[in-house]
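Letters are used for the chains, namely A, B and C, taken in the order the chains are written, and counting of residues starts over at 1 for each.
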Amino acid sequence: MTIVSGHVAASHQAPPTRASLLKQMWVSRTDYLYVLPAIAVMLIVIAYPIYYTIDLSFFKTPPGLQLRDKIFVGWDNYTAILSSEVFWKVTLNTVIWTLSSTIIAFILGFAAALALHRDFLGRGVLRAILIIPWVISAVAASYIWKWIYHSDFGIIGAILVQLGLASRPPNFIDNINSVLPSLIVVNIWREFPFAMIMLMAGLQTVPDQLLRAAQVDGASTWQRFWHVTFPHLSGVSTVTILLLAVSNFNSFIIPWIMTGGGPSNASHIWITHIYELAFGRQRWGVASAYSVLLFLILMTLGYFYVRALSGNDRRGPS
Amino acid sequence: MTSLKLGAAVLRGAVVSAFLASALSTTALAAPPVDLSKWSPEYVRSIAGTEDFDTAAECGKVTPLDYKGDLTFWYQGVFEGDPDLLRQYYKDFFETFRKTYPNINLKEQALTYNDLLDKFRTALTANAGPMVVRLQILGGVEFASKGYLQELKPEDVGWSTEDFWPGAMKSVTWEGKTYGVPTNNETMALIWNADIFKRAGLDPDKPPATWDDVVAYSKQIHDKLGIAGYGLVARVNAGNTPYRFMPQLWGYGGGVFDEADPNPTYSEIRLNSAASKRALQASYDMYVRDKSVPVSALTNQQADNQPLFVSGQLGMMISHPSDYNVMKDLQKKATGDDVAKAQTVIDNMRYGLIPTGPDGRRAVVFGGSNMHILKPEYVDGGKVDLPAAKAIICFWTSPEWSLKMAYAGSNPGNLNGFKTKWMKERLDNIKFLDVTTSMLPYGVPFPALPQTPEIMNHIIPDMLQNALTGAMTVDQAAEDAAKKVKEVAGGGGL
Amino acid sequence: MATTHNAKRRARRVDGWRWAGRIFLLFMLLYTAVPMIWMLITSFKSGFAAMAFPPEWWPKEPTLASYQKLLDPQNSVGQDFLHFFWNSLFVSTVTTILSVIVAVPAAYAFSRFSFPGRNFLFFSVLLRNMFPAVIFLVPLFILMRLLGLINTPGSLILTYMTFGLPLAIWLLKGFYDNIPIQLEQAARIDGATRFQAFVTIVMPLSVPGIIATAIYSFIGAWNEYIYAYTFLNKNDQLTLPIGIQRFFSENTTDFPGLMAASFMMSVPVVVLFLVLQRYFVRALTEGAVKH
């Protein structure tokens, strides 16, 4: 069945033809076969859970009753969440966590990409070493850093004490003020290589002629960077920052394994808090409502994500 | 041990009254196989090795030995931190069961203490549970109240209700019906390092008598020697935390409800009483004011105390007699100088009763495990092979095996276990066993309510963490916890 | 004269930046490598030595005991560990293969075809990327039970595919966008069907993209924790991250053992990545950047 119409000029978004929608769908039915497996998998694994979660969010689940005997409470779960102090504390934690991890990982990755852009002896090896944290399992990373941060046996504490800078090992993860920054350091450790790779790839597309021209015109290194390189990378940067933000927003393993959200909720972010509510404290209804709130926020972020990507699509190489 | 000899008479008196109190709250007892009113280390020794039991014969009466069936079973397994000899017994159990019932196709699954509840709950939401489960004593009531468990009493598996501790039977009772059979029960004791005590200027043979003494001793050890005094643990969602804090809470006269009273009704919340706040204050004093406990206490479990103790960096902790064996195992893995260090610790290890509160009140968590059978609709596969289930329950709760499976850290749930010859052997091999068994009468079971897991595993540790990190004052933390206990029964709130 | 002066000034300034770059790289190298080095050092110590304070910078008596224990098939610990390793390998490999099989045609379709709903479908596939695992745990568990996949690698494979698909499709689509359509059109004029053109012309050219997809899938599946924790109970089904956690969660925190296990868990993915990294970088370059 060779149908020629409608399949030319494929790498750009073809405008909808004037034929009716159904006719179009029929005409392209073999196309759907290409995407069918992917869509089927996604539907199964996504549609049912979303429905289930939204439904459950209007019920409460007391410890004495089975899940199927849940009690309808309407919007109570939502109001309970929005009016609870813990929720706002966790929200603040999540914002700090996501923003700090994303921005700092991006900056570090960018700087590393710049520093590695010029070829020098050992560049390949160095680049390989710098990428490793991203590849290591988050579980392994969590245990390694937990050991490093240990309040009694960690090496950072040991070094500081030996150098005489502190009388006792500093408390990283057992202190409500320092726990979140300590975890962020670990997250950045794992995330910056991703930014580095993306930006290294992007740097390769910056046209040399422009840079040389700027140099001849007397631009300093910084000016060359700021006026030529950086604007050229705006597309990649946007995508990278968005991907990092999404990934950080969803990161579960590091806070969960290292501190379980403690001490005293100081390192809970939305994801870990939902998990504890659902699986630890059996508050299925409340956890579902919490999840729905998260959906809505992510949808909003998603809108910008998609706009940036499709904007990127349309823009193409400048 | 010397302190026990001195106080034996007093002990017996206290035991009798404690026991009569708990006995009164259960239905009329026929004569139990051992005389609980005489409970003392000497009595325990005297009844050991006085009777023999043939497990296969007894269980053969419940389920014929050639019965053909299928069985799935989940239990809390033995892992790295458990002594080797306990691991051997677990292996023996399954081997012997399979030899005795060669036609029962058994599929067993071991899970860690902290994982077991989580996984069991998750499985039940999808009707994918095992037929039989052995749960910690804290857990059963939740599932009984939700209607997941079948009715089950000791008579169904060939024993009798009187063969088990009254406190244990309470933990498997919900709304007047019984839903399980106890496998083992234990109470913990205070462990201290006599050498550290001596070097810190304390009497090496005298444990702290009250919790206030614990605070003081801990401070002295820390000030003098620079190491941690008491092994405080305050980790969230870890069983060790409530097991070590509740004795403190009850000792001061506090409690979550009135669970430490002889006839608890669980209607009044006492977590924010003055006595409870005093108990919390003691922990605060140790962690914040004196800094005499490990800084990592907020994320520590007992397993984190063990290496500290065996390397001589911890003065006291609360735990099971099995910790003595764990210390010996840890020493076997040590090398070089560490071997000698560990030996010093092991030679100086002492066990004593859990400290009392300022009013002389002594309490400890009545711990243990129970086995339950699920209703078929919640089981993976949709049916329960009842005779096979009864066979394995009969086996594990028999005098012989309830003792062997509780060899190192616990005690047989089946009181007849104390009469077997292996009990005699235990008393000779397991050092300090008589101390922990003598704590049994002071055991207070956790409230038999479905919300107890959340209270013990989350609300209590949260309260500790809130107070110890300074996020809330001691007062606020206790009030906050009391409020949460009130909400938890309703199932709402964050 | 002015130019040489400027040139000298520029040369010094450039040197300044270059030195800053070097110092920065040194810092990053330390930041990255020191934790891993410390992990290795700890794995060579005995249990007690690991808890000495102040810690031994280099073990007085280095020992391979932890590694031997984990890799010894006679030892129960070793048996379990090797089993977990195998499970992880199996799940990751199958996930990767299936992901590629599903993603390649989908990416091609999104790139070449224009059918109604194309954009909507494309972006909804990407949106999946945004939703955190936790939200779906219980419903997915119930779903897996309905499908009879609990405690089987199948539950993980199905779930992991949905993680990898969005980025895989996006990467590959970018790749296909950059393959000139004239090549296929030439083949079609010669009489090949659209499908034949796809298989014989386009796919070989997109091999770097496919390799990148494969790497990403494999690493994602290898390191995944939360779903494996929820869906798997039986000891013989556990993958590495869960198996390791189970070893060390309840009991004596055997830090050297934990570090040794973490190291060995990381080795395959690191090696895989190092060997194939240029494909990955190339794919990102061509696939993502030049959209």
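Quick note on the criterion: a contact is a pair of C-beta atoms (placed from the backbone, for glycine too) under 8 Å apart; a residue touches a chain by one contact, two chains touch by 3 or more.
Since the model is a prediction, treat every value here as computed from it, not as a measurement.
**Q** Along the shortest chain of touching chains, how many steps lie between chain A and chain C?
**A** The fewest steps needed to get from chain A to chain C is 1.
**Q** Does B-C or A-B have more contacting C-beta pairs?
**A** When the contacts at B-C and A-B are counted, A-B has more.
**Q** Where the CA atoms of chain A average out and where those of chain C average out, how many Å apart are those spots?
**A** Once rounded, the distance between the two centres reads 15 Å.
**Q** Any idea how many Å lie between the Cα centroids of chain A and chain B?
**A** 42
**Q** Would you please write down the residue numbers of chain C that are in contact with two or more other chains?
**A** 51, 53, 138, 142, 248
**Q** Can you list the chain B residues in contact with two or more other chains?
**A** 122, 125, 308 - these are the residues of chain B that touch more than one other chain.
**Q** Where does chain A touch two or more other chains at once, residue-wise?
**A** 152, 279
**Q** Residues of chain A touching chain C in their complex?
**A** It comes out as residues 2, 6-7, 9-11, 13-14, 16, 21, 24-25, 28, 31-35, 37-39, 41-42, 44-46, 48-50, 52-53, 108, 111-112, 114-116, 126, 128-133, 135-141, 143-145, 147-148, 152-153, 155, 158, 161-162, 189, 197-198, 200-202, 204-205, 218, 220-222, 235-236, 239, 246, 249-250, 252-253, 257, 271, 274-275, 278-279, 284, 291, 294-295, 298, 301-302, 305-306, 309-310, 312-313, 315-317.
**Q** State the interface residues of chain C toward chain A in the complex, per the touch definition above.
**A** Residues in contact with chain A: 6, 10, 13-14, 17, 21-22, 24-25, 28-29, 31-33, 35-36, 38-39, 42, 50-55, 101-103, 105-106, 108-119, 121, 123-140, 142-143, 158-159, 161-162, 165, 169, 176-177, 181, 193-194, 219, 222-223, 225-226, 240-241, 244-245, 248, 255, 258-259, 262-263, 265-266, 269-270, 273-274, 277, 280-281, 284-285, 288-291.
**Q** List the residues on chain B that touch chain A in their complex, please.
**A** On the chain B side, the touching residues are 118, 121-122, 125, 142, 145-148, 235-237, 294-299, 308, 450-451, 453-454, 457-458, 462, 465-466, 468-471, 488-494.
**Q** Where on chain C is chain B touching in the complex?
**A** 46-49, 51, 53, 60-61, 63, 77, 138, 141-142, 144-145, 150, 230, 233-235, 246-254
**Q** Which part of chain A faces chain B closely enough to touch in the complex?
**A** Spelled out, the residues of chain A in touch with chain B are 60-67, 71, 73, 76-77, 80-81, 84, 86-87, 150-152, 168-169, 171, 173-176, 259-266, 276-277, 279-283, 285-286.
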